[in-house]
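Okay, got some structures for you below.
What follows is subunit A paired twice: with subunit B in the first complex and subunit C in the second.
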Partner chain A sequence: MSWLHWIVKEAGLQIAVVLIGGFFVFSWWVLGHLDHDVAKEFSEDRISVIVKPENEFEFRRFLDSRPEVTRYEFQSGEANKLTLASLYPELSSVLKPLESDYFPISALIQVKDSAGFLGALQSEVQFFQSYLVHTPPKEIQHFVSGSAIVFLILWMLILGLYLFFQVEHLAHRDEREWSLLKMLGSSAQKIFWPACYQQAIRMFVTSVLAVLLAYWGALQFETVFQWGWNPMAVSIWSQFFILSMLLTLALFSSFFLWRYRRVKLG
Partner chain B sequence: MLFQFKNVHKSFGAQKIFRSLNFDLERGTFSILTGASGSGKTTLFKMLCAIEAPTSGEVIFLGKRLVQHSPAHLKNIGFVFQNPRGMLDKNVFDNIALPLRIDGCGENLVRTRVFEWLDKLALRHRAQSLYSELSGGEIQKVEFARALIRKPRLILADEPTAHLDPIQSDLLLDILWEHYKDGATVFISTHHAPAFHHPSIIRYHMEDHRLRQLEPEEISMPQFSGSLFKSAMKEKST
Partner chain C sequence: MKFFFLLTATLTISTFTSTILAKPSKAVRIERQVKSLKEEIADLNLSIESLESLSQRLKNESEAEEENFKSRLSGLVVHLIQWPEKRWGLTASSWTELQRAHLVLENVRQSLVKSPLKMISDRELRLNEIEGLSLELQAQRKDLESKHSSLDVQLKELRRLNAKSKKPPQATIEKKKKLEVVE
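== the complex of A and B ==
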């Protein structure tokens, strides 16, 4: 069972760095999606309006006159029939023979200031039958960004702990040599760089494993939630690598210098 | 002034080692500190080397604490400790060569200087032996060579001859004397009072945790065993 002891003792924290790092990259990816796709789409309020067919032209003119409107799109009765049929395939045989007049004309309007637009819309009740306001999924966004921050903090903490114990382990193992070199007037860099390279390689491998874990998680997520997911962008994992390496260098050098100062001469 | 102990107090728990110790070590002197075991010699030596910090008071080296000096400054000090400090997994050659390699000396110069020292200390046959395989006396000599190979301006040696026979002890003391003659400051702490004296040597004695400088009339040891000491004696008598 010595291998199990070794895993618990030596690799435990490193596994934690991989897991938490993986979660962090994964939540970063989801957050990126919310920011770029979902939230961007909903960054401005969207309002669906059922338009009276006879007032379509006047309603278009009304929309063109409103400064709050950034974009709008009309969907004919026929288009709505086909959308409905594609959403409910089991009903398509019933829906398709029906005349398009049975289906309403709708408009999807994107507005900067929904309150102002809705106020104006209420005064033009002759143009429409009903409307629905789509609000952005702020709660999901808050949850995911919160998760990303929590995983980032956890990952930094675990990485810090891991590097701290690594420095302590090195100091315990090599204190005699450090002390001798210090006594002989060697600069701390002579010891620091070889030790730092080792940790940087370890962290590189750890970061690769974390990214692979996140990538695997993203693939699973895509299969469960069949949304319009983009594959994990190069920018996400490359930024994670750079962050990981810079943080390793900063934390390791701080811990090392702190520990090296405590090594006595000779 | 090289070293200054200003009103130094040192205690380990309830045990008081020094009370109001004031002591100056002048540049270009050869000083020997003697005293019985447990008298506080090693503690004083460790405070000189900044291994032990005083409980109160200050130990000043060239205007500031030793640990505040840059690593480059420490290159001018040769430390010889009572206990071996070498790298166990390295051979004798590499252990002695370490200071020169830290200084970035070329391998040719390193070889020349290390073999010079190996010959001087009769250790050439042990050049490739691992440090961990050496006898106590051989380790002492390697420690000595490593401390002095840079020709430091200050040599601090704690019991440098503890594990050596009288002939080997004289050899090392001769080498220290040679360095002193070349302008180095030498401070030796030793359990056994050396069987020689020279007017240039400043003798300190530690007794009951009190340090005092011995007066010339208190030093009654006309015997000189090391060759340099002998010649120094001859010089004086003529």
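== the complex of A and C ==
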């Protein structure tokens, strides 16, 4: 039953490396999207204004007269009703019987200098009911970056644990051979590289599986949460492969040397 | 002497004739005024009645409207108010769209919450306007009624005077006839 125990232990750890690696790649991808695309979305300040219906024309003229405004877009009450119904399908049955008069006219304004524009806007209170200065989702960014760091640490920890057990297993299996080599004064590289290649191949397969898992997760995520996601870039998974290989090499060589030194002569 | 007597008689007759001619024209004028006042009062009464019926209709309509609003929207309002303030819209294409949707939803909620209050204040305003108008018309009616009663008194007085003034010429005629008989 020891072989079953060993399989469960090794397979369990390998599955954990795949899962945690997959989560890490996935959160890395989400973070990349937030950092790149959302930052691009907020390259200029954005302000949403709820316009009083009777002053829509005057408000348009006001926007045309402001030099800070680079672009603006109006959305009618009916359009807002449809947007809300499509954003929240659970609310559509509630929103449908409401007349369009209940839905305000909104304007999305892109400005170069939000402070200057807001100063001018506040002096024209007769045009609008309320406004909102859009801000990037900092909380989400913090949460995702925190998750990415946690997954990275966990992945490194489990990878290290897995490699440690692999080295222990090799040492236990080949202790005599290692002892003889040590006694003969032969270089440890003779036994290191074959073992290292083997672990590198294993880790490569594990990384491929982790990337595939992350890719599948990203596809599912895109279908559920349609937020204009970019497909997972080659750079993300190639960097993950490189990181995985380098880490495997570093950890395995460290554990191997440490264990090799502890092998008794004879 | 005869000439003097005739002159006096002529003067008296002319004075009475002018009085008789003058008095009825004023009386007619007052009668006309009274008539027109009566018409005005009748019109005002009609206006007041129509205003009262309008006010009643408005009340009924408002009640029906409020009842309709209550039955149609109370469930929706409760549902919308209970809806979490910052719900994650899974189909949003961008963060801005999501934030904008939150802002719009907040405004929809506010307008829904305010609409019954607005409805009540509108009803109060309209009813107050009608009541004010009705009170104004009633005051106008009172004014016209007092005018009417004063003119009525004047008319009665004039009629009495007319009746009195009509008698002396008949006496003079009789006196004249007696004089002629004496002559």
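As a convention for this text, the second predicted complex is superposed on the first by the 170 of 266 C-alpha atoms of A that agree within 3 Å, B and C clash if a C-alpha of one lies under 4 Å from a C-alpha of the other, contacts with A are read in each partner's own complex, and residues count from 1 in each chain.
Keep in mind that, in the parts below, a contact is a pair of C-beta atoms (placed from the backbone, for glycine too) under 8 Å apart; a residue touches a chain by one contact, two chains touch by 3 or more.
Predicted model only: the values in this text are computed from it and were never measured.
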Please name the chain, subunit B or subunit C, that touches the greater number of residues in subunit A. C
Given the touch rule stated above, what does A:224 touch, subunit B (first), subunit C (second), both, or neither? second
In the overlaid three-chain picture, which partner chain does A:124 touch, first (subunit B) or second (subunit C), both, or neither? neither
For A:190, is the partner it touches subunit B (first), subunit C (second), both, or none of the two (neither)? first
Could you tell me if A:180 is touching subunit B, subunit C, both of them or neither one (first, second, both, neither)? first
Which superposed partner A:265 touches (first subunit B, second subunit C, both, neither): first
Contacts for A:73 in the overlay, against subunit B (first) and subunit C (second): which applies, first, second, both or neither? neither
Residues on subunit A touched by both subunit B and subunit C none
Touching residues on subunit B, where the partner in the complex is subunit A: 49-51, 66-67, 71-75, 77, 79, 81, 85-88, 98-99, 102, 146
Spell out the part of subunit C that touches subunit A in their complex, as residue ranges. 72-73, 76, 79-80, 83, 87, 89-108, 111-112, 115
Going by the contact rule set out above, which residues of subunit A touch subunit B in the complex? 176-177, 179-188, 190, 264-266
Okay, in this complex, where on subunit A does subunit C touch? 38, 41, 46, 48, 50, 80, 83-84, 86-89, 91, 94, 97-98, 102-104, 106, 108, 129-130, 132, 134-137, 224-228
